[in-house]
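In what comes next, chain A is part of two complexes: it sits with chain B in the first one and with chain C in the second one.
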Partner chain A sequence: MSFPKVQLSSRPLHFIYICDCSGSMAAQGKMQSLNQAIRQSIPGMAEVAHQNPEAKVLVRAVSFADRATWHIQIPTPIDNLIWTDLKAGGITAMGEALELVAHQLRTPPMEERALPPVLVLISDGQPTDDFNSSLKLFMREPWAQKAVKLSIAMGHDADIDVLQKFIGTDLDSGLPRNEIPGESGQLPLKNIYKSPSKPLIASNATSLAQYIQWSSTAVINAASMPATRQAGESSGISNVHLPDLPPTITDPDIDVETLVW
Partner chain B sequence: MVRGRWLPPQSCTCIGASHLRNNSECQDASDSRTFLSLDNYPVSTMVVADGHGGKPYFLSQKGSAIACTTTFTLIEQYISTHIIKTKPNLMLEHTWFSTDLPKQIQLQWLVKIEDHWRKYHANAGDFDPKVYGTTLGIVLMTPFWWGHTGIGDWDLTISSNNGSISLLSEEKDPSAPGEATFSLCHTFGYKFFANRTKIYSLLKPKESFSIALSTDGIRKSCSTDKDFLLLSSFLSKANTSFFDVENTVDLPNTLKKITTEGCGDDVSVAVATWRLEKLGLEALTLKCYFIIRKKFFQYLSKLIRYS
Partner chain C sequence: MNWILPTGKPINFGGLSQPIVIKHGLGSGTQGQVYEAHYCGEDVALKWYFPSCIERDPSLKQRLIESIRATSPNESFLWPMALLYSNDKFLSMPQNSSSSFGYMMPLRPNGFIGVYEHLGSNLDISVQKILCSCLNLSEAFHQLHLKGLCYKDISIGNLFFNPTNGHILICDNDNVDIEGRDLGNVLGTPGFMAPEIIMRKAKPGSNSDLFSLAVLLFRLLTKHDPLKGLLELKIKCMDEPARRRLYGEDPVYIFNPEDDRNRPDPIEHSAILSTWPIYPNIIKDLFNQTFSTGMNKPELRALTGQWNKSIATTLNHRRTCTKCYQENFQDPNFSYSCWACGLKLETPIIFKTPYASVVACEYNELHIHHLDPTACISIKSPIAVVVGHPSDKSVLGIQNLSPYAWKVLSKKGDTIQLNPQKSCNLKILQRLLTHAGPFEILKN
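After this line comes the complex of A and B, so read on.
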């Protein structure tokens, strides 16, 4: 008996960069480093996508400065992705960026059978709009709750508290709520075993490139096969068990004077 | 005159394409069996179970297999000691199916997985049922009623002879982050069975139908729900024509195609068909013969008793 006319398909995995393009990003080559890090991560991301044919990796990017806009609006298969450089200038409309993403996390346009999307927020500063209200709106979307959320702070001027709010409270760390990793020395980021539920702090171009590479390869790999988990478990536990961070991670206890950013 | 009967159910499980590539075990389990009731009626059961997989549930392939065998044991115990009445009290059956049976399943399952843990993993630390976490979908088919129960993200579809296909039971989104589902390892897992329990009478037959019970891998491999319904209807034809090979679905190869071209997860399906048949003259004559014979023996036994 012949197979019916049914469309079988791999599950889409939406990967969205949410990039700070405020004026401060122009300083110390941050913008250039970010563009370079993302561009360099594309081949690795494509390789991981080919290794996981059951997940269709689709990339988008939002940039925010005075306003938030789609830098890459159409979900683009990784093989077709061409990264156009972001340009710095303006203030930090981070909240607006979240609202922009929230609209796209509704079903439709999100597919019912999509894999949990991966959202990477990269910033070097503090939001200049009403971030908290926007975050509330954002978190109302079921796909935002299901998403694998990562945040990368570019330098120590970034508002870690805001980036922590984006990824949610770290319920498993044993640290006090909203505590910055490494602050008390209880759980140094470099020794973390599980998913980083704290913002990643990139102190220079090298560590930024490592984090971008990690989030676009190892995280994509993990998100391609999310484990089913028991409903009713603590909401802080993700169904995507993220791999260890790269071994050469920057220690948050590092002497600030040696930082590039 | 028409008469309905269940064709023997079939089940099949196929390891996910992504699991094969990563050398991980198949976490799904499925099976179907037929038992005889106390009054000698055939009662069929089919089950599918989907172990959660991943590090926190590293023994879920055992959990799903044990869930299936436990279900069969308990259903057989009940069925073999009960009369399947021609006019069943569906309320009573519903209570057993939605409350009593789930309680027993979870209890027995917990005992068995703890035994397994003590036997093979005692050195790994304290026993935690979570590592065996699994979903479980059950369909029970008697000649007079049929029903479904279970826990987790399995799906049940029904397709009738007139071409209509519909989703009979699905897990509503528990609105928890990630791909969360209710699980047999949940402390009060048995309580969640009631939401997925329904019993249908077969006493007033209208038309033939087929049902397909599947784990979430099949639905997630389809682009849309419409595709899923069409695919389920196709799969449920696996046991409609035993002697007609050309019109029979090759379940193992079909499931392999689904996981390879779909989501890559393990896939399981169990299918059954209730076929309405018009009784021919031969069958009617035979039926009349048995009725007359029965009446005759009843009359004879009365005569013997009074004489």
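After this line comes the complex of A and C, so read on.
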């Protein structure tokens, strides 16, 4: 005498980490910080997945150094995810990493129906391969266009322009939407506000952990089960309405001292 | 998690006479953070807004002050109790400003869980308890609407329920507004928003609440979305523009009798096809009224009072199949077969009043509204419950849950006193004289 057990109609939500494992990530414990941040984010991610029964959250990871390889190749339900630590060493084949992901965003292997994939690119440096050509290939895939693309710069040496190109146009920059930044020749408007449509700059391990946590919880939530909408929001501009960034994260444009309390 | 408010030490907020101690953070959302706190010997909850939220919603403070003054429509709301202002101490924190504020509300008691636990099939719960939650839900919004208020953002995320008794708690009451005034920015949650709100043709109010309420009831009862049928399967990527099409531009109810474009798919939408046969037409008709007739005519949507009546009647008619033990909810005055196994259902024993027919089935309850047509429909305080005998569950009795001694008229014509908490075997029962009125016992 209990409610009938039924198969809920659900869609897959592919979440892919694209992680820089080049030699420079070995410095200052950056590689360890990233491993730790991802590992720490798993329980929260599992909780969000649990609360969204209509989304099947599946996680994968690509690492790139001399070559790009799948660190987690099989789309893994979050409850089964065990994070094996990434190791640093080599150069920065970021373009190759995008091509690897692009192959997986084709249908098949990608399902015919899904929620927008969430792709998180994390890097501390500059690509050493032909990133722009790879990005063009990547952006030809319809699921790549539909994906929520986030990028996290580890430290101030990361190539922000490259990370911005991965995300696409900063929606607050006044540039035409859906163009690869720089192509129109227009200069973006200067705005100092942090936003998910700009690379997130993690200047220390704490802010890295917070950005990873935000990407793997709030963003997954937004891509699968939309939250309350307010009038005047920019709905319709982006294909997924991204939540605000956590307000307490140290913003690189604000003096760090003022945030200490 | 970065928590804005400091824990463990007394804080003097403007708006409170005594200091409050924040124990720990409970959750963080897009609007702010919620904490568990201790105030004047009691555990309470505290919501503190992000400055960005206050900036976006200039009338938030005014609405909260008015809600606090209006008091909670009934006990199903985690209603704001007091407004809290930041004092000088907070001025030094960049996350706050002199204009930061929050409010205090009751703490969600143990035993209440998110509705997603039911949707994700993690619970062993009866259809009866789900229907109880649905009735408590429509009753809560009935009381809110009767107060001249509207909620504006009914969704799964704002509802908790207790699976053991079907009690509910509605949280995030900070968008509540006086109907028709349109103070505030909230539009609702995609998937629950009425089409006219998505298309920006109207502002949220009680009519759009009725749409969102029906979506929530539909999802609780069927574990499916009323607008997800074949049109959903045509959508490859379920993103914002796709949701706008499905729920706003061309919304089609999956069972719209005059538009069959969006029927459920037998494989992809199997949940609705398994659960839909459970419910009687008095429920299905209200969904049809809201999602077919009322889809583009907000004023024609089923009202909270209609939901209360239909769900309460459905609960009265609950009986279990003797073969497969599934719960059935069809009118016991007519002949029906079990929706699950097809067995012809036996004519049950019925507690009859001029206003209700309640089937004598274990766990069914008698309520004041069965006897008094002027009483509010409410299942919070049952006066009696049908129970199985402790040593033989097949022997059914009626237990007096009221504080009054009742009289029972037996078939032989004897009068027996039924004291509070005592139960009487249904076999000997002909008439039950409660403190609120009589129930006649009809047998096959």
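The working rule: the second predicted complex is superposed on the first by the 209 of 261 C-alpha atoms of A that agree within 3 Å, B and C clash if a C-alpha of one lies under 4 Å from a C-alpha of the other, contacts with A are read in each partner's own complex, and residues count from 1 in each chain.
In this section, a residue touches a chain if its C-beta (ideal position, glycine included) is under 8 Å from a C-beta of that chain, and two chains touch if they have at least 3 such contacts.
Since we're looking at a predicted model, the values are computed, not measured.
By the touch criterion stated above, A:95 is placed in contact with neither chain B nor chain C. Of the two partner chains placed by superposition, A:75 touches none, neither chain B nor chain C.
In the superposition on chain A, A:127 contacts neither chain B nor chain C.
After overlaying the two complexes on the shared chain, residue contacts for A:52 are found with chain B and with chain C alike. Applying the stated contact rule after C-alpha superposition, one finds that A:244 touches chain C and leaves chain B untouched.
More residues of chain A lie in contact with C than with the other chain of the pair chain B and chain C.
In the superposition on chain A, A:199 makes contact with neither chain B nor chain C.
By the touch criterion defined above, A:155 reaches neither chain B nor chain C.
When the two complexes are superposed on chain A, the residues of chain A that touch both chain B and chain C are 1, 3-9, 11, 52-54, 112-113, 116, 142, 146, 225-232, 235, 238-241. Residues 17-18, 22, 50, 52-57, 130, 133, 135, 153, 173-183, 185-186, 216, 219-225, 227, 230-231, 233-234, 237, 246-250, 254, 257-258, 261-265 of chain B are the ones touching chain A in the complex.
Those residues of chain A that touch chain B in the shared complex are 1, 3-11, 52-55, 112-113, 116, 142, 145-146, 224-233, 235, 237-241.
If you check the complex, the residues on chain C that touch chain A are 1-2, 4, 28-31, 50-52, 56-57, 92-95, 114, 116, 118-121, 123-127, 130, 153, 155-157, 172, 175, 185-191, 193, 223-225, 228, 233, 235-241, 243-244, 268-271, 274-275, 278, 320, 325-327, 340. Taken together, the chain A residues at the contact with chain C in this complex read 1-9, 11, 50-54, 112-116, 142-143, 146, 210, 213, 223, 225-232, 235-236, 238-241, 243-244, 246-249, 254, 258-259, 261.
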